[in-house]
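For reference, the structure is listed below as structure tokens.
First chain written, first letter: the chains are A, B, C, D, E and F, and each begins at residue 1.
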């Protein structure tokens, strides 16, 4: 199974556990977290790029994987990805490099399996 | 072996290595780290909840697992847990969600194996 | 004017600016941020203590001031405050000390002006 | 003097001190920090928005002010700003709110003095 | 009054408030925080440099000022300071730059008032 | 295979992927990241210790492993390591302990396989 598929299935499985315990406020937070990335004044593609950079500088692998997969689906190109990651790298410093490495490993798999851009 | 047991055994094994290298100051820090959670003006249960929220917003899985197991032993209920996690979620943001997911996966196992509360 | 009053007035003034620009999702976030601290399975007092510890380890002076004032209103005692701050101190380390200092300076003023507890 | 002008003048003054002490590597870092935001596959406007969200979730007022002024110059609209800040808010949590407040105070001043967008 | 003197006097004043509220565990933490920087296998000078880099990457102005003053007293040279700050800069990224600026402003004052090194 | 070898090989493999996607600015950042640790006014050994403490307080396992292996090669002794880790522990707090544990597990392996110091 691909890394992306494995990640998405595990995420879905854990979300089911979360929803079993979640109260109204937690459910509202999760709902808001979905709404905020929808196209408005800014297109979803830009918002996913913003989410990816935020996740990189905060150094959360799961959040990076999630937004990276969405960026791929939104048609972000290799060159765009490289530039947005470099903004995260300069802001967040070398401490982000291990996350950058794993991000590009996943991106490389996504592009190999289903290239959307060049 | 349960996740909680596996976690606790690995933690104990690594603590033995730490103690082989630890000087007086490191030992004092570890000792202080134990004392601070003991019942005083605030009961141990509240302190473990404080430790859990602090660990969630700082996004450390091992620290979360440790305080979650202690919260379970202190009789924190599902509803109390959900509410304390929601404080961590609103303060720390969606970047804490992957940790929240793994926390509830462990909690679900703890409640299934040895339900203390409803 | 007291530090607490000055803080609260400035906060209210800035919130008015925020609300002038806020869209629906931002307003929902602010509303959720209010709901989550209301008494449920855990009393408001405990939730304010959780919010204070989270703010201390994340080292945000404004968030600390806000929850500290609320803790004072909820009747948290000096001894309870000291113990909850010590949890934040051990978890977050000496990097939290400057915030701890300013927190106790504000607390000292609150207790001098309107002592609620001993 | 406007907040934006005061910020920029103080920043320039301190940069002069930095450059007096800076060695080759520090100078290279500062130079790289300038290059990375230049238009490439992504336009400068998008990169400044990425820099602003990264600064918000890492909670650095000076970095926020810097990218906010640049976003204003790049023609980011009120609605675009509000949406990008809401991504930072959901990712970074309520701990970012004090920074969000000060960001919108500065933005409000920028829009009042020299409105670029509606 | 010099920035360094002002900082040290305010710090001392706030420490008095802290000590009025501090329980045994908080006092032990503060004591440990003093012991750890004393010369052992590593000289105090190296430990102060370690404390300074840790404070820079965690972006705490007060902690930076404190260790910077100590580094000055330990005879750290301009060149040594510049190199240790550059390690913090590359690890922590451009988000540390505002702190780096203020650190060098204070250092410049310290060197002007009482140059210890060249 | 030893943990250190496994870590280094995986790191090299991922760096190859990074370099396939890296633009000029990312390459410059990686190059700068190498230059900054070279002996100048401060010896490489001190710089690696600074990098290790920075990595510990920022809680990045991969960065810790990398600088730990370099510290071992630079002849850092057990006692020096213990003292530098204790600076990171007091600054960064108990949240660093899980990383400290894994650091000493790797160090123990390095010292067992190829003891450089006593």
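The rule is short, and it goes like this: contacts are C-beta pairs under 8 Å (C-beta built on N, C-alpha and C of every residue); 3 or more make two chains touch, one makes a residue touch a chain.
Note that the coordinates shown come from a computational prediction; the quantities given were computed from them, not determined experimentally.
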Over the chains that touch one another, what is the least number of steps taking chain C to chain F? 1
Common touching chains of chain B and chain A: C, D, E, F
Repeated interface matching C-F, over half of the contact pairs identical, chosen among A-B, B-D or A-F: B-D
Would you kindly say which chain has the C-alpha centre located farthest from the C-alpha centre of chain E? A
Distance from chain F to chain B - Cα centre to Cα centre, in angstrom: 27
Computed distance of Cα centres, chain E from chain A, in Å: 37
Distance from the mean Cα position of chain F to that of chain E, given in whole angstrom: 23
Can you compute the centre-to-centre distance for chain D and chain F, using the mean CA position of each chain? Integer Å is fine. 32
Contacts with two or more other chains occur in chain A at residues 23, 25, 29, 32-33, 36, 40, 54-55, 57-58, 63, 79, 82-83, 86, 89-92, 94-95
Determine the shape of the graph in which chains are vertices and touching pairs are edges (line, ring, star, complete, other). complete
Would you tell me which residues of chain E are touching chain C in their complex? 11, 14-15, 17-18, 20-23, 25-26, 29-30, 33, 54-55, 58, 60-63
Chain B - residues contacting chain E, complex: 23, 25, 28-29, 32, 35-36, 40
Using the touch rule from the top, collect the residues of chain C that touch chain E in their complex. 59, 78-79, 81-83, 85-86, 89-90, 94-95, 97-98, 100-102, 104-105, 107-108
Of chain D, residues touching chain B in the complex: 57, 89-96
Give every residue of chain E touching chain F within the complex, in rising order. 32-33, 36-37, 40-42, 46-47, 49-51, 53-58, 63, 77, 79-80, 82-84, 86-88, 90-92
